[in-house]
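What follows is a set of notes on a single structure, which appears directly below.
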């Protein structure tokens, strides 16, 4: 029995506006639209539509829209349409459900329940248009010995650090999961902005070695594309232990995405699925992690900071404490809303914890243990705006990773079907005619615009608080108040409720 | 009931003044009372205090602990604690006189102490750290007891009231020191507690401060990693701990500590000579969480000198004056002129520019 | 002078430029009204090659334009700043220009009486090349490359 599932979204065309230019037809890799010569008009097959909005955006007369389908099973708060459909799908295929991008479920978003402070009377706000407003951040270990040379000058005993012009970096997206052009855009934007992008676990294409000073190279469980030149090229090395969208799960890049170029970059056979294991098979405990950290440091002459990226899970504070004592310079924590190119739906939607709580508990724990300055903390997993960045820093982060916001800037419309590999926006695909839809000139410019805009907003917000350097915002939780949060939530976040005084 | 410092954080505006005779000649505390009283309108009667350096020459090798007690039970408990940890060379109530406007005084006691050698040895701490930890323990663990001064050959005197009244209350005209600082407080809340007044002190460091720092919680949460307990939640407390940490524990110079606390802007650092640039960038990278933002003007008192420092935007007034061996620092020029009308030099230091005055016979490394 | 350049690397073959061109030269302000149910005659044409190569072709505004030299009626001329323009009132419809243009960038107009060509939207309401403005992938650019 092949169960028909009514499409979740329907393509609606306004016949008065459609001029039959067929751009929708040409631009839809899912072949939703076609021109019917008999009917002499455009028609659409909504069952194929993934709601990526490519046709809607390109239609010159705005004749198209995609609406949520009103077809419904008998209303049931427990068995919602999607829940039922997923059962039908699995009954038909026997397969694991796959999804892309971040957890879409209605879990609490703590960023939206935290409010920021501003100065009034007793302490002046600072106008960023008139006064310097510093957003430069150095990431890495700060703890060091005070040592002087013969003349009494301080010697630099600091471990290597990364300098960021603003507390925002592009987080890991591998070449393979995203396209060559998307990678180029990220690399160029990071370079122009004075920040970093991250290779993900896909290795680094030879063409992009020129952006090495602004590249964080990742070493993940599959070790794809890892060799000496790769490590030497990056400004920092990130060991990926986990990902917010799929904690405890490895990666799976389908063979059809392993083009010749991807295969060369990853150093794996063309057209064969690339599986990265769930664990690093040389890391079954914290002391093993330490060995990998020092192997990487040894092989790069201790010139580069090492980042350890973990998913936000229940015990993240203790895990982070272990990492902070393992020689890592930076801990990256990825919240459960973090994006992915592909993850089992059940994992994505049910595993991990919100980044706000993870960050707060990690920062508090490291301070309690007196080791907060052993490491910097970078957080990702749904940083959606400059306000989220400011709140994250006030909770205790040194900087934020953004990826979903970055792909949105490049054109992504969050249709969440990256796993299919037919991204109409040229981002999450390796199909040449789709990849070319993303002109890196345009995409890099949009990324630069986005981050520049956020940085302006960060400066405005800081100025309002009377803070003129991002260092003085970091961990400054008195600048935050919760609204509608219970005692436990407030305690974990380490903030007071709105209305409570300083 | 209104909460006291420590239960809540109370920002405050203020007046500050300080004087040092760099020849080491001692002067009575009266000059400070005269100075601060000209800035009467900068305080609101909710706190005043003084710190005098070189005032206990007879006990200069002992730590002078000044304590407030809410009741005799707290005193008894504290004294038991002190006896367990220190040899007490001398102890007595601090002499005061009745001043109509000073009310609700606690029991105020002074102890000259030195650590018990065996205890000190078994603690494996250096002497100053041992004393500092004992001070924290009293302040955190003993309800109703508060150590508000703990340096050698120096003392802090403070109370709720206008500073000139506080000075008379403590009979400061009877003390002589080579350096003095004082403070008139304008808290934007109404605390009823003496411990919250300035100066705040730890060991021989004392801080008077006018301002309201916006970096408070970033600074507090960082410094608390190193054993400091911010029980008062005031700016002055955290600023004192920052200097204690940078100067005593990390052995930075005063100028270096000032470059951490009131760091030059990155853009300014770029314009400096290579050597200065390297040093300042390094300090900012080593201690980013100790940068203080928001308005402040502070006088840091220490053994052998005073340091004046403004926030890097100079959001609070502060002037420095010099006459012969004497140097003056105050929120307003009038507070200097009233005690020394004819100055050799008077100027307003730039934001972030540390002005250090030390005894000629060699105070500390600048 | 500023000319329209096409970078085939980024041309998606979406053909939007053709419709934007037709609309720009329709004299109307509503695209649906201007183009709905009509055959379009744009001055820019996307050539769709094999292997996913697409290329939008329009007038290059040659520095020594063979069309101007071959025009028997004096309808085609080159402006001071180098744009090749057509005066339709002078065009006799011999279409020699159509034959000689090496790029195929001149063509008979909708009613077939005169030739038409790209005049960089200088003579319509747009003021700047509409194909450039609406290219979704910046494959068509309007630049001065000397």
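The letters A, B and C name the chains in turn, as written, and every chain counts its residues from 1.
FYI, a residue touches a chain if its C-beta (ideal position, glycine included) is under 8 Å from a C-beta of that chain, and two chains touch if they have at least 3 such contacts.
All figures in this text were calculated on a predicted structure; none of them were measured in a lab.
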Mutual neighbours - chains that touch chain A and chain C alike: none
Middle chain, criterion being Cα centroid separation: A
Separation of chain A from chain C, taking each centre as the mean of its C-alpha atoms, in whole Å: 43
Inter-centroid spacing, chain C versus chain B (mean Cα positions, whole Å): 79
Centre distance in Å when chain A and chain B are each reduced to the mean of their C-alpha atoms: 47
Chain B residues within the chain A interface of the complex: 8-11, 13, 188, 211-219, 221-222, 224-226, 250-252, 256, 263, 265-267, 275, 278-279, 282-289, 291-295, 312-313, 315
Of all residues in chain C, those that touch chain A in their complex: 9-10, 12-16, 18-20, 23, 31-32, 35-37, 52, 134, 136-139
Of chain A, residues touching chain B in the complex: 119, 121-124, 126, 131-132, 134, 136, 138, 142, 144, 146, 153-154, 156, 158, 161, 367, 370-373, 396, 465-469, 471-479, 501-502
Chain C-facing residues of chain A, complex: 16-23, 26-27, 57-58, 60-61, 63, 432-433, 436-439, 441-442
